[in-house]
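This structure is in structure tokens; I'll ask about it shortly.
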Amino acid sequence: MRKYAIIGVGHVGAAVAYTLVTKGIADELVIIDTNEKLARAEQLDLQDMQGRIETRTIIKINDYSELADTDILFITAGNIHAYEEKQAQGNRWAEFEYTKEIVKDIAPKIKASGFHGVAIDTMNPCDAITQYLQENTGLSQQQIFATGTFLDTARMQKVVSDQFNCDPKNVSGYVYGEHGESQFTAWSTVQVNGLAVTELAKQRGLNLDELEEAARRGGWEVYVGKHYTNWAIATCAVKLSQAVLSDARAAYICSCYSEKYGTYVGQPAVIGKHGIEEVTTLPLTDDEETKFKHSADTIKEKFQLLDKQTN
Amino acid sequence: MRKYAIIGVGHVGAAVAYTLVTKGIADELVIIDTNEKLARAEQLDLQDMQGRIETRTIIKINDYSELADTDILFITAGNIHAYEEKQAQGNRWAEFEYTKEIVKDIAPKIKASGFHGVAIDTMNPCDAITQYLQENTGLSQQQIFATGTFLDTARMQKVVSDQFNCDPKNVSGYVYGEHGESQFTAWSTVQVNGLAVTELAKQRGLNLDELEEAARRGGWEVYVGKHYTNWAIATCAVKLSQAVLSDARAAYICSCYSEKYGTYVGQPAVIGKHGIEEVTTLPLTDDEETKFKHSADTIKEKFQLLDKQTN
Amino acid sequence: MRKYAIIGVGHVGAAVAYTLVTKGIADELVIIDTNEKLARAEQLDLQDMQGRIETRTIIKINDYSELADTDILFITAGNIHAYEEKQAQGNRWAEFEYTKEIVKDIAPKIKASGFHGVAIDTMNPCDAITQYLQENTGLSQQQIFATGTFLDTARMQKVVSDQFNCDPKNVSGYVYGEHGESQFTAWSTVQVNGLAVTELAKQRGLNLDELEEAARRGGWEVYVGKHYTNWAIATCAVKLSQAVLSDARAAYICSCYSEKYGTYVGQPAVIGKHGIEEVTTLPLTDDEETKFKHSADTIKEKFQLLDKQTN
Amino acid sequence: MRKYAIIGVGHVGAAVAYTLVTKGIADELVIIDTNEKLARAEQLDLQDMQGRIETRTIIKINDYSELADTDILFITAGNIHAYEEKQAQGNRWAEFEYTKEIVKDIAPKIKASGFHGVAIDTMNPCDAITQYLQENTGLSQQQIFATGTFLDTARMQKVVSDQFNCDPKNVSGYVYGEHGESQFTAWSTVQVNGLAVTELAKQRGLNLDELEEAARRGGWEVYVGKHYTNWAIATCAVKLSQAVLSDARAAYICSCYSEKYGTYVGQPAVIGKHGIEEVTTLPLTDDEETKFKHSADTIKEKFQLLDKQTN
């Protein structure tokens, strides 16, 4: 049996839940939210659809003890409106203050439940809050990781594929670093239809910086139009979980702990039944290595600063 | 190629779009919304996920001319907030005023596009507005129908299956009539695991009226908790469309035109490539026939009254 | 994790394996066959396809110790050619002699493995050999059941739906009894689009006996044309397993133990995590009850006779 | 509507048909085989399963006129037993004699049908017979292509992923050339988890020639154990077809016409609604270019020789 749980059913958590149910991925799903009416509403809406799909998923709500034998735990809590207010003030790390409070509430409950599966986080600021979660739940660094730049990479693939009029799946390579401002596309890793994008860009006079900017702007356009983003992030989260359940040892980028930099940060890894099976070190250019270090340091420093301030 | 279009990407339209993309059902999808930023946001969010799924769906926005060769058109426009305000005043048909305006805007555009596929409506008041759409688009009564009590029936199945601790799919039978207050469960059509629910209720001392009320309350609980409902209604809409595309001649209940009562109303039908292939007349009890007539008359009368008032 | 095993990868076992892999249903799959080259060939063919599908399934072969934590065990062994020879001599129970030998080989190994999941059998003669398996493995009657007339019912649905030009899924009701000659369609349970087929047949002057015969002939036509049948039987087997994994408590017909008749026989049941959660007793007509008793008695008597003869 | 047709329902054609039906990919499927009983048997087996799956596919048989509005035509005819006999005599191109006769039979019928979709071939010798088909049907070189080394590449991915204990999907890169003896793995294109396999091989002292041989031996092991291969080849064929239907412009390797070498040969291409949208030229090493030319020349020469001999 595949048993999933989700803490926090805002737009992202709800889209994850729907994906797990409509595609018959989860056999059992536990939804936890401090807003009990919301948890109940999602439970009912997902149950109401089950007369119309091929599979069945048993759906439970608001019971931490169910985590004891849960395979995959998504942590998708957040307060998008708190975020909006802060963001207006130009503070990208604004959610940390809020999500730290969430972690302080949920981490002891996760710990007490006896949860020993794999946890996948989508909260923001993604890298820092996942580290905070790891520290507070006592889960191993292998067991807990975040979507991180798996989403940013998907957006880069989309933007590059538009440029070359092809399937986003034809675009390989990664966006490294923070799921935030200091991230960067490691263009040396990017291929389009098997061809190095750096070569293609030269031939066509393309400005890769502009493509990088377009990917970032795309995420922003979604946010401005809908006031949240959910489909792509939910799809990324579910995909990571499937690699865990089938012990696929699949190569994806995500936010996981870097021994080298002493922080969670977006980097390629192999995902299997224990979560992060290994981190993959690709031969980046010197410039990319510098950017990577900078991004990791940014996460680490801000984390330390804000951790102190808010305790 | 399976070509879909959606007019209106509020919560329902967006959930329909996501379902079509994540399950690889649509080869091409056209999203139309008067809120251009919203249409663009949904397009981008759905495109961003395509590097992470097996299939590809080409997604276009805001171009009515694309309807010329569209197979399935979902009309999922609405203004849930206008609805909320009216509803506070105790007016169940409150959305009609608003959705009629939408129809006046979109019907000529649909007509002009040369659309000749099948249209599935989820707007409210479901039965009346679908009739209004049919009249204003000039589409045949076969070609355009609505989810209607297909959703209410799913909710009844859920509530009954809870009572008997079984899969909702084990519950057959239908909720007839208006997708609204005057609807009723035709208990004589309902079986649980192949057994007549009326017999089972007698044996167990169950009150079927209470079950009917529970189903209605369930829909309300979703609405109260989330401020909208989307997963179950989107699942119903997509399921109906799949029956059209594969010419399945599947037996579902939906809101379609009744020659007998001269109105769109929730009744069992056979769905195939032309839309409504035939209406099915089940042997209801006298009491059920009376309720059905009452519900159909309610729709018809209100439609005529409101049609006059608002023109 | 969903862990499946299959004993016997002839055409049915291989089709079950492919279904589990191509639809991403199994996370892990253990294939066991006395023909080691065949087991290896299926393993390789299924592994070769994994670069081309979205999900991953880990595939192992020929290790009974893997059954210790297997959730679902399919037993799909058989010798279609032995069967053909015997069948030419007019002996429908011909496979029993052969499949009993298989059970004598595999039952102790299943027992020794510590298997404690749910076993689903497709061997022939289906009802008798499942009982023999149950007795020899020591699995509970709840834990082991067979596809039985779930397949014959699907064929009846197909034939009836052809007659009424509709989706086979619109046809409810069951073929009861032996997965063999003495089976019968309980027409009193059959509805088409919600209408009693007995009524419809009267109106249209349809001969239901002819439809029953057509369903049987259909199975035969498959056999004659392909020399085996696999797609429909594999689909039935997988569907039953999914109800177990998600604890769906779904109402299906299958061959399970009848307390009343003291034998495995095709009858409606509710399928959940323990296998057979309960047997459903539908109100059959007197004639149907007689046929059901006859069919159950046939299985029981032949089983006893052949059990003695071949020991 | 997605309309598919299959000419030839041996093991490969049948597996393609089952995949299209069980995954709900095809709305309509036409099966054509000179063995009418076999075509009928497959039709029935696939119809019998439709009461047990979520979607419906209308299945027709043996009517070439249905090709007029078919989107995708698979040509999967062959005579595996004729092949076996010849192969015993050490003649790899043995099937050509046989499949040419098939093409002479079916090509005029395809032409007469007015078929204007995309045709995907799996017959052997794959590259030569596809060219022969193209010439005889009058379909454009864009419209008709073959699975070719898409399968061999999948096998290479499997073998390499075994070596590195990872998901086959983590292995990128291609096997070029003939779907036969003269093929080769272009190791310069192969990456594992984003790392160049040539580098990894050096570090680990791996012999890439042995991996190449293992992939070839794997295909052979499947053949020896099952007497045919079907799951992986069917999966490859269906995947190619999905890229056509959704105009995915996906980068896959397949056998398509090379202007440079004047023959069909396995090379990377972009697949979209017209079939082959463009051929991709990757920067191979000199050694790989030589092997590629050799493989293309081999196909061309044998084709010309055998074409003369057998006319």
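Chains: A, B, C and D, in written order; residue numbering restarts at 1 for each.
By our rule, a residue touches a chain if its C-beta (ideal position, glycine included) is under 8 Å from a C-beta of that chain, and two chains touch if they have at least 3 such contacts.
In this text, all values refer to a predicted model and were calculated from it rather than measured experimentally.
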Self-check item: Selected pair, greater C-beta contact count between A-C and C-D
Solution: C-D
Quiz prompt | Which listed pair, B-C, A-D or C-D, duplicates the contacts of A-B in over half of its pairs | solution = C-D
Self-check item: Interchain centroid distance [CA atoms averaged], chain B/chain C, Å
Solution: 37
Exercise. Determine the centre-to-centre distance between chain A and chain C, using the mean Cα coordinates as centres, and give it in whole Å.
Key: 42
Quiz item: Using CA atom averages as chain centres, what separation in Å is found between chain C and chain D?
Solution: 34
Quiz item: Among the residues of chain D, which are close enough to touch at least two other chains?
Solution: 53, 56, 167, 169, 243, 248, 250
Self-check item: For the chain C and chain A complex, residues of the former touching the latter
Solution: 1-2, 24, 27-28, 55-58, 71, 242-243, 245-248, 250, 273
Quiz item: Which of the residues in chain A end up touching chain D in this complex?
Solution: 53-54, 165-167, 169-170, 172-174, 189, 191, 193-195, 243, 248-251, 268, 270, 280, 282-283
Quiz item: Hey, which residues of chain A end up touching chain B in the complex?
Solution: 14-15, 18-19, 21-23, 35, 37-42, 44-53, 56, 151, 153-155, 157-158, 161, 167-169, 171, 218-219, 221-226, 229-232, 235-236, 239
